[in-house]
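Chain lettering (A, B and C) follows the sequence in which the chains are written, and residue indices restart at 1 in each chain.
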Amino acid sequence: MAERRVIPLSRPEPPNAEPGIAISGLHLSRSGRALLRGVSLTLGHTGITALLGPNGAGKSLLLRAIAGIIPPDAGEINLAPRLAHPALVFQKPVLLRRSARANLAHALKLAGVPRAARPARISDLLEQCDLTALAASPARSLSGGEQQRLAMARALAGDPALLLLDEPTASLDPKATAAIEAITLRAAGRGVKVILVTHDRAQAERLAGDVVFLHKGRAVEHAPAPRFFSTPASAEAQAYLEGRLIL
Amino acid sequence: MSAFREAIAEAAGLIVRADADFLEIVALSAQVTGLAVLIACAIGFPLGALLAVGRFRGRGALSLAVSAAMGLPPVVVGLVLYMLLSRAGPLGVLGLLYTPTAMVIAQVVLVTPIIAALTRQVVEDLDAEYSETLRALRATRAQAMGTLLWEARPALVTAALAGLGRAMAEVGAVMIVGGNIDHLTRVMTTAIALETSRGELALALALGIVLLVASLAINAALMGLRQRIGEPAHG
Amino acid sequence: MIRPLITAAALALLGALPATAQSHITVQSTTSTQNSGLYEHLLPIFEEKTGIDVRVVAVGTGQALKNAGNCDGDMLITHARAAEEAFVAEGKGLARHTLMYNDFILVGPAADPASAAGDDILAALSAIAESEAPFASRADDSGTNKAELALWSEAGADPKAASGTWYLETGSGMGATLNLGTAQGAYVLTDRATWDTFANKSDFEILVEGDPKLFNQYGLIVVSPAACPATRIVEAETFAKWLLGPEGQDAIQAFAPNGKQLFFPNAAE
């Protein structure tokens, strides 16, 4: 919790500044079902944004669209040049059947890092994610928490300015969750923009500077975190925060 | 039953005596088959990966053709190759007919479809698991294929073994393009065919037993290799 | 770790393949000469003397003539005189030489259900056709098969009409047909050399032999370099001259596995 104070919260940009991420009129359907229905959003260059909302709201899909791995049916996503190469971490990490170190080496190779520069980067990443002692272990034999830390390290390998996290702690115990949150906060502290999909309201409160509330494929509300949690503007967000089922 | 006992004794004798002609045949079998399977892997692995994750026109048709080619009768392959490699054929000037090289070519034609088809299946399954991650890491399609093939390596050993089995057991094609020439293109299977036609059934069966033993040894070795590389590398 | 290993293995395998010998010829041959072991007796003597490596592809006479017609051989050793003379007449071969002879024999179960035994092959075949006793034919256009069909026609029988009933067309070599015959109790017309060295005789015996109609002449043809420029004419003629000359003829004479002479040299007669 101490770390929270050192992160720069995303502040309102000056009116004429270029936004970090500008999304307008985003539509996405899967097998005939409209899952994103006109999402428009503007996010800053830094800070942690939480995407909050009930199951099926379209949070993960929106994240993948931002990552560029799912092309939208309509609408636009504009990333500032600095944020153009986002990294993505999934709830269930898919690691290669090699050592932790080799997983990072592979990611560095894909990121175009020259061979000579890789060992130093690997040591650095292992250090950051508290994996130095596990460097030689087969990635698939690590615990769930260790695997997710390795997935974080792998995502950070390309030195991204935008980090997209899709419920990274949903299957983890509290201790492992804390480790992932610490890595996330440190990254944000270095100026990395983070977008975090989560189910966990308390996690959003711990980490996020601003919150986007999604409901049925629409961005219903976007507000600074303290205001969102104290006085949500939309009926859907109120219901969600009160723990009521919203239909 | 006594024929079997005789054959087993003969097989043991062949191995124990290790006479030069016999060893020559075994060695040539190993060389032709080994080289053919290596080449078939070099073609079949990337081809299978391409069929699994590539996006190009005619992929479906090529996939179907590869699957169908798994059932190619060796004699047909031998005949077509004979017509190509014969002095009267389009590739006759190469002078490859009745050489071990021609036998390797025949086996490559027979084995590559098996290896490619099995590889395609394995890589397709892995791709379902890895594709999002690899796209998130911004791997190019070639890099994704390389990664998936390396991840699939235990299963690819099995694919290579399946190919090796077909190559080792094959007689029809190598008989036609090799000619079963003593000291040049006589391998285990064509030697078995020759001894059978001489009515030397016990000797033929003995050679068959030796072939079986060799096949067992190779399979055991590669299964061991598979287990070793099945565990992720350390360090 | 694995890649260099595979590279090394590939190089080892490549390097180990027998290099093409400097001086060699390919002989397209009938199977009986190979099955009987004649070449294993002759070739070491010739190779020792000349250093020419002789590669024998043993197939039926018909196939041998076709392969040589495609220029896939430098010499022919076959036993079907009419087909051999046609080959030479078409300009594909230089000349046909008589090389050696032996004879065909009719083998069958010792019980001889068709009462075919005797010294008259035409009578024997007629008896088989009449009793519809099983008979296995190679049906592979080989020299033996051509001889067999000529004998049937001379005997006035049309066994092909009974194909699949008592007349069994194997479409295979002499050895395979003998294996089938001994297993099925079917009469077989075979050359004597293959029979004498055949190891799976079961209860079969020679029932007809010695009929002049059973004479089996082997011919030798060097493929014409005019028809097939790739022919290794010098080496082929060296081998032909040796086989037809006293040394080769003596070597054929001396070939007697199990103490029994199988081929009778008759070159230049």
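Going forward, a contact is a pair of C-beta atoms (placed from the backbone, for glycine too) under 8 Å apart; a residue touches a chain by one contact, two chains touch by 3 or more.
What you see is a predicted model, and the numbers here were worked out from it, not measured in a lab.
Among the other chains, the CA centroid farthest from that of chain B is the one of A.
With centres computed from Cα atoms alone, the innermost chain of the structure is B.
Per-pair counts of C-beta contacts peak for the chains B-C. With each centre defined as the average position of its C-alpha atoms, the distance from chain A to chain B rounds to 48 Å. Work out the mean CA point of chain B and of chain C, and you get 32 Å between them. For the pair chain A and chain C, the distance between C-alpha centroids works out to 80 Å.
Within the complex formed with chain C, the residues of chain B that make contact are 27-28, 31-32, 34-35, 38, 86-89, 92, 95, 97-101, 104, 179-184, 194, 196-201, 229. Remark: chain C residues 2, 6, 9-10, 13-14, 16-18, 20, 26, 31, 34-35, 39-40, 43, 55-58, 67, 69-72, 173-176, 178-179, 197-201, 228, 230 touch chain B in the complex. Chain contact summary for the complex, chain B toward chain A: residues 129-130, 132-133, 135-139, 143, 147, 150-151, 231-235.
Chain A makes touch with chain B in their complex at residues 64, 67, 69, 85, 87-88, 90, 93-94, 96-99, 101-102, 106-107, 110-111, 136-141, 154-155, 158.
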